[in-house]
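Two complexes follow with chain A in common, the first pairing it with chain B and the second with chain C.
Let's look at the complex of A and B:
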């Protein structure tokens, strides 16, 4: 197909969709639409993970981001009853300045990456590190201590969120 | 090459996603949208970490992405609690009104 392999086609389509949905997150006026477009972006990123055979991360990404974090965002937006009419807008001047600043940053980063050599490593088919079995071995041997610390962090965040969210502390 | 795709394309894709997030932070006034754009930037970095991890056939990058996801979940829980408390007290989450620290 036009000299490209099927993987390259999938990569191109997923990248295009991810960038389009990410742009829609920034440009849509209704916050609910922004959240839904961000969920679609995350699905595209999960597709990229699958393309790199990082199966565990793809599943965790969908469960944690699309399943938990974005639902939390949706709930908060619905509790605050935000919609297009309540949405504060910046002036056009500020928006243009933000776009120009982002464009300049893009030029600098792409310019610095352009000189980078095309890294060519062994073919990907042999990469099995993203599978649950291999990742679990690394996670529970080399990174056991950080893994336990993360559980403490999540507990602290849980307690902190409840304390902040309470109406008044007696 | 990862999978017939050069690492440079992944670098380019992550850069573009990161910059869309950065522009969103600069161009929007709604705090929740700004928060979402920060998540987008985090995801761009995650994608790059996974691609380099696959490139070098080293699991460390993917383990780090796992930890970043856990930290992002904690951050979102606390951040949204703060935002909802601000909304309860001030009835707005417009960043131009939340400027007490400026004066």
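Let's look at the complex of A and C:
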């Protein structure tokens, strides 16, 4: 079809949707809609992982980000009952500061893209490392130490959240 | 290529039809069963012995007045029940309903829509997305009762997902480290069913399945005494029907998953002897059909247990529910995981 393979078509459509939904996250006025567009963006990214044969990463991405973290986001927004009407009016100063900060981020992103043409990209579907079995073997042999350190980091974050959430510390 | 797509399409339609049909008749059986337990007759007016009651209920749902609250977000209000229904139906795709069979000209057909080698993870993923339907619907209703019901429901589902996931990890270790449902069912063919190795894991999984399907005694999201109707307070007509109906599909699918995980799916005791006595060859379609019958019997028994529990036990209080999830089931499932790893290591099934 027009000189492209099916994989390339899927890649193109997924990329278009991912970018479109990501833009909608920024542009929609209602916070709930933003969160839902972000969930859709995550699904598109999970689709990209699947194209790269990284099944485990794709499913965990959906379970952790869409299934847990974004639900908590929704929770907070629903409980605070944020709406278009309750959104505070922004002054010119905040708008200018936001513009400068966003522009700086853009510069950083474009700068990081400069070296991208030298990167060796793995072709889609060829790599087997993303399968659960291979990934598990690598994680629990070669990268065991960093893996365990990351879990300690998560534990520290958990304990910290509980300490902050407590009303009084005895 | 085209025939493969056609066969898969037909399998999809059959699984879809069976899910809907079972769910429809589960609503009737629920009412009959509660009547049995309460010494009543139950619905018996529509058709012989009330067998057409689900059709009458469905027709009534379609013809009721449809009310969409004026102040709520209309799109999200409709999206809520649709999403809940879609996620309920999506889980049926990875379940192996019967053994593969081979026709006379040598083509093999499968009783499963797709066998992905991350089937267990896929199930957990779809279950975790199921929360969105209730949350979006409850929020878009623009009603305090609905919002409280939605928040209760999602916090309940997230809490019980953790214990469920850990009990499934223990099961996967017992099953030889495979995440494919076909292989989990297949390896119970030769030996014992997994319930023998994982009694505690099954108990945890069963309680979590009750909580995930929002069935009594965990039906706090729709607790009438406190929340009117919970997350579907503002819903009417078929959108309410979708919410209620999806619960029965969830019940059917979770029964199927439990039978496949812990009770051998389409296998049953002395199956090989029976097939041998009947003179059936491997790959015969009759083996697939008998296996499907056995699987279906297990599912029906599980559905009956679900209903039996609903009409016997009173509802939990909300703090009791959270205590059970976090302080009892989670430590128990961790203990179960530790014991499983220890035992499997001593049996020499784990390699490093």
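Structure notes:
In the analysis below, the second predicted complex is superposed on the first by the 130 of 170 C-alpha atoms of A that agree within 3 Å, B and C clash if a C-alpha of one lies under 4 Å from a C-alpha of the other, contacts with A are read in each partner's own complex, and residues count from 1 in each chain.
Rule of thumb we're sticking to: a residue touches a chain if its C-beta (ideal position, glycine included) is under 8 Å from a C-beta of that chain, and two chains touch if they have at least 3 such contacts.
Since the structure is predicted, the reported quantities are computational estimates derived from the model, not experimental observations.
Of the two partner chains, chain B is the only one touched by A:65; chain C is not. In the superposed pair of complexes, A:7 makes contact with chain B only, with no contact to chain C.
Greater residue coverage of chain A by touch, when chain B is weighed against chain C, goes to B.
Shared-chain residue A:54: touches chain B; no touch with chain C.
Once the two complexes are laid over each other on the shared chain, residue contacts for A:79 go to chain B and to chain C alike.
On chain A, the patch touched by chain B and the patch touched by chain C overlap at residues 56, 60, 68, 79.
By the touch criterion stated above, chain A contacts chain C in their complex at residues 30, 32, 36, 39, 55-56, 59-60, 62-63, 66-68, 71, 74-75, 78-79, 131-133.
Contact residues of chain A toward chain B in the complex are 5, 7-8, 11, 15, 18-19, 22-23, 25-26, 31, 34-35, 38, 41-42, 45, 48-49, 51-54, 56-57, 60-61, 64-65, 68-69, 72-73, 76-77, 79-80, 82, 87-90, 94-95, 97-99, 101-102, 105-106, 109-110, 113, 116, 118-127, 129-130, 134-135, 138-139, 142-143, 146, 150, 153-154, 156-158, 160-162, 164-165, 167.
Of all the residues in chain C, the ones that touch chain A in their complex are 73, 76, 116-118, 121-122, 124-125, 128-129, 131-132, 135-136, 139, 147, 150-151, 154-155, 158, 161, 177, 179. Taken together, the chain B residues at the contact with chain A in this complex read 1-9, 11-13, 15-17, 19-24, 26-30, 32-33, 35-37, 39-40, 43, 46-47, 50-51, 53-60, 62-63, 65-67, 69-78, 80-85, 87-88, 93-94, 96.
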